[in-house]
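Next come the structures, one after another.
The two complexes that follow have chain A in common; it is paired with chain B in the first and with chain C in the second.
Now for the complex of A and B:
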């Protein structure tokens, strides 16, 4: 074959591989929505209470549990991540300690989530005597997400140009003032975007929460120390136990709703990040 | 026209008080000696220009004057610099206070990603000025002194980064003025902006001379000749050697009748 023909073949192959990637995603989305969209859009299902026995149960407490868990887990992990990222990006000298922290974070990131779940049971549920509750799950998920959140927060802080730091210091600002007034506000759009991935993971996580938060509740949990049932865990439990006659409908509808929730959160976070960026950094690229 | 005035004043050679004094200064980046044994006086309410080919240490030297080099790891200094007779390297010397007294305008305009107003109010807020009227008046007077007020007074709430390059640089000058420094350092302030904006900034410097001591680093000899009263010429003799001060004197003398042959060669454009 000539070079030209090879080129054609290569183009086709890469094009096909790209299509496969899209096709897999599209298949999953269509399959999940196809099975469950009708149930997921039914107000009775979305806003109804679940039933322990009998058909027709809704999943509102589960949706609420998931969102509550997201808020708690991010509220716990974001300040820690920002603080640690500031230390690593602004204060820590390049060298052994920094490398060691990175090594620990990378190791933490590769652990399977069930390990975090069991750790959460041992520490929060048992040792702290919190029992199954939102807070135990939130701490577990906060630890689970720390590596990703910290790394991406650090990247966002590192993207702040040094000229801002120089300008601030040259005006007689201390290092801390510079970080607080200039560095963190400039990095904030990036930090907001950095929370998208962990939020998606929290919404979809089941292994780490089935033993720490719970898999079934009848009512909306309000107190962080209440037992709750995030959607992903509830879907798993219904699929595993077949406890009600219409378990299939609940599983399919729940999965579709979960997918829709992740999309909504993703676009909201993107929108918030962009909006903030437009307000603060108008024309930042015109240098 | 102002530039001509500037030179005449310099040529009168009146005895001027010295604001800062650099004594036998050497500076190292780790093991690398960047500048060696520089002794120089910075006269009060005059403009001193540092010229020389790139890499001669003029930016390094000017960054010693407000100890901005401290921010880089592994920097070491020998010799001394005084401000109003007091050593700025004295143990316990307050670098924050030093940087308030010795402000700096950088090579590239670097306004914060904040509004024009917030950019100028940043320094005053650092020293605890909170009252709105007080901040308003500082912002207005600083922008006026930086010859930017008329262009921006209608949109103070807009991002400082939306301004043109030259306006951004004047905003940075206003931001420095708002801190009420005694000395302003300019590190190649016009290298990233167009000739018209450069002209504006040079005019501005001539005006500011009444109240401020200024040091300007420039690679542009015409600019040094136009704006400065005193000129110092720095040079790296051979690759790898530190930058040394070759000649220092009134700008007129340096440009019309330099003592050192190397100065003459540089000024007439035969190397560099």
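Now for the complex of A and C:
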């Protein structure tokens, strides 16, 4: 075969690979939504209470647990991430300590989520005697999400043009005043956008929370020290233990609902990201 | 930013950092936030190690880490079979997943028209966000029955786990590889094309070799994902307590054994043995990160 023919073959293969990648996605979405969409959109399912026995159980406390967990975990990790990102972007000099912090962040990012789960069990559930509760899961997830949250926060802070800082400092503002009144406010839309993807990860996470938060509740958990059952973990437990006659319907519906939630978060992140970028470009154009 | 601007900025910042009131404390608080990462990884290591000590002490290193005999009824907690299960499924996923993912990355960067490339990229980002329980459920209701019908086995087992893992590592490896390819200087491609090379010749003689380290790092991070994946694999691997060399045998990986047994493991060696598996996972992850650091350090002076 000539080089040109090889080139044609290769082009076909690459197209096939790209199509396979998209086909996998389409297949999963269609299959999961096809089986569960009707259940997932049924108000009785969404707003109903789960049943330990008998069919017809809903999943409202699970949806609530997931959202509650998101709020707690972000409330814990966002301030730390902003502080750390300011340090990394504004103060840290290139050196050993900075390098070591990056190494630790990379390690945290690669650590399997089940290891975070084990750690949460050992520290919060057992050593602190909190038992299974939302707060134990929230702290576990806050640590799990720290690397990605910090990285995207840091990027948002680095995107603030240096001219802003120089203008503020030339007016006599101290470094901290500059950070507090100029850098963080201009980076804020970016920081908010940065939290959306970690939220998606918290919604989908199950290995780190089934043994720290719990897998079944009958009522809506209100106290952070209550046992709860985020949706992803509940789906896993239902397919593992069955328990109720209509477990398959519940798992199908729950999986479809989880998929929808994650997709909404993804598109929200895209939309916010685009809007933020456009605004920045316009802002730069006006100057 | 021009260099003179930078000089002025550092001069100002040095002055303000030294003389402003309270600046020292602010800096300390920020540093404390940054060191949470150090603190967290240390704390995780200490707690997982502490919890695995009873098993190490009572069973001995040999019986715990280097034995494949795992049976809580007879007080045997050897995890070698599960370490093998992790290695087996991970390499299986890499053999299928890495070429697929790197090929897709080449497609995105070199072959596809701009609009299609963007569409596929979005799709892959979306795939990365699908929760592992959903992918596991997909595997359980579709892949397992399919494999059962085709192979005549139960359908559960290593191969089903490998396929599920391919889906999970595909976005990681593709995204990182595409980034690496994109960062290559455009002159490379132009020079090759100017010499009369076809696109395929340019890709495999110029682009892929120049991107070698980046592609390797992408694959290693994909491996990290495969080693750590828990729920999706747990739903399709069959959760047998013995190791297997068969592609269609049921077995467990380190992560799936932890999840399967954690709920009912009484404290003492049974529970502690699961933490010891977590310790092995932690060490595996650290090894991967060190390898990546070594690769990227080697790359830097050359460029």
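Simple rule for what comes next: the second predicted complex is superposed on the first by the 251 of 287 C-alpha atoms of A that agree within 3 Å, B and C clash if a C-alpha of one lies under 4 Å from a C-alpha of the other, contacts with A are read in each partner's own complex, and residues count from 1 in each chain.
Convention: contacts are C-beta pairs under 8 Å (C-beta built on N, C-alpha and C of every residue); 3 or more make two chains touch, one makes a residue touch a chain.
Predicted, not measured: the structure shown is a model, and the values here were computed from it.
Per the contact definition in the header, classify A:104: touching chain B only (first), chain C only (second), both, or neither.
After superposition on chain A, A:104 lies in contact with chain C alone.
So in the superposed three-chain picture, is A:169 touching just chain B, just chain C, both, or none of them (first/second/both/neither)?
In the superposition, A:169 touches chain B and chain C alike.
Pick one for A:255: touches chain B only (first), chain C only (second), both, or neither.
It touches chain C, and chain B stays clear.
Could you figure out whether chain B or chain C reaches more residues of chain A?
Larger number of chain A residues touched: C.
Do chain B and chain C touch any of the same residues on chain A, and if so, which?
Of chain A, residues 165-166, 169-170, 174 contact chain B in one complex and chain C in the other.
Can you check the complex and tell me which residues of chain A touch chain C?
For chain A paired with chain C, touching residues are 3-4, 6-7, 9-11, 13-15, 17-18, 20-22, 24-26, 28, 31-32, 35, 79-84, 86-88, 90-92, 100-101, 103-108, 110-116, 118-119, 121-123, 127, 143, 146-147, 150, 162, 165-166, 169-170, 174-176, 197, 200-201, 203-207, 210-211, 232-233, 235-236, 239-240, 251-252, 255, 258-259, 262-263, 265-266, 270.
So in the complex, which bits of chain C are touching chain A?
Spelled out, the residues of chain C in touch with chain A are 1, 5, 8-9, 12-13, 16-17, 20, 22-23, 26-27, 29-38, 40-41, 43-44, 47-48, 50-51, 100, 103-104, 106-108, 110-112, 116, 119-120, 122-127, 129-138, 140-142, 167, 170, 174, 198-201, 203, 221, 224, 227-231, 235, 255, 258-259, 262-263, 274-275, 278, 281-282, 285-286, 288-289, 292-293.
Provide the residue numbers of chain A that touch chain B in the complex, in ascending order.
Against chain B, chain A makes touches at 93, 161, 163-174, 177, 181-182, 185-186, 280-284, 286-287.
Where on chain B does chain A make contact in their complex?
That would be residues 66, 68, 71, 73, 96-97, 99-100, 103-104, 106, 108-114, 122-123, 126-127, 158-159, 161-162, 165, 172, 175-176, 179 of chain B.
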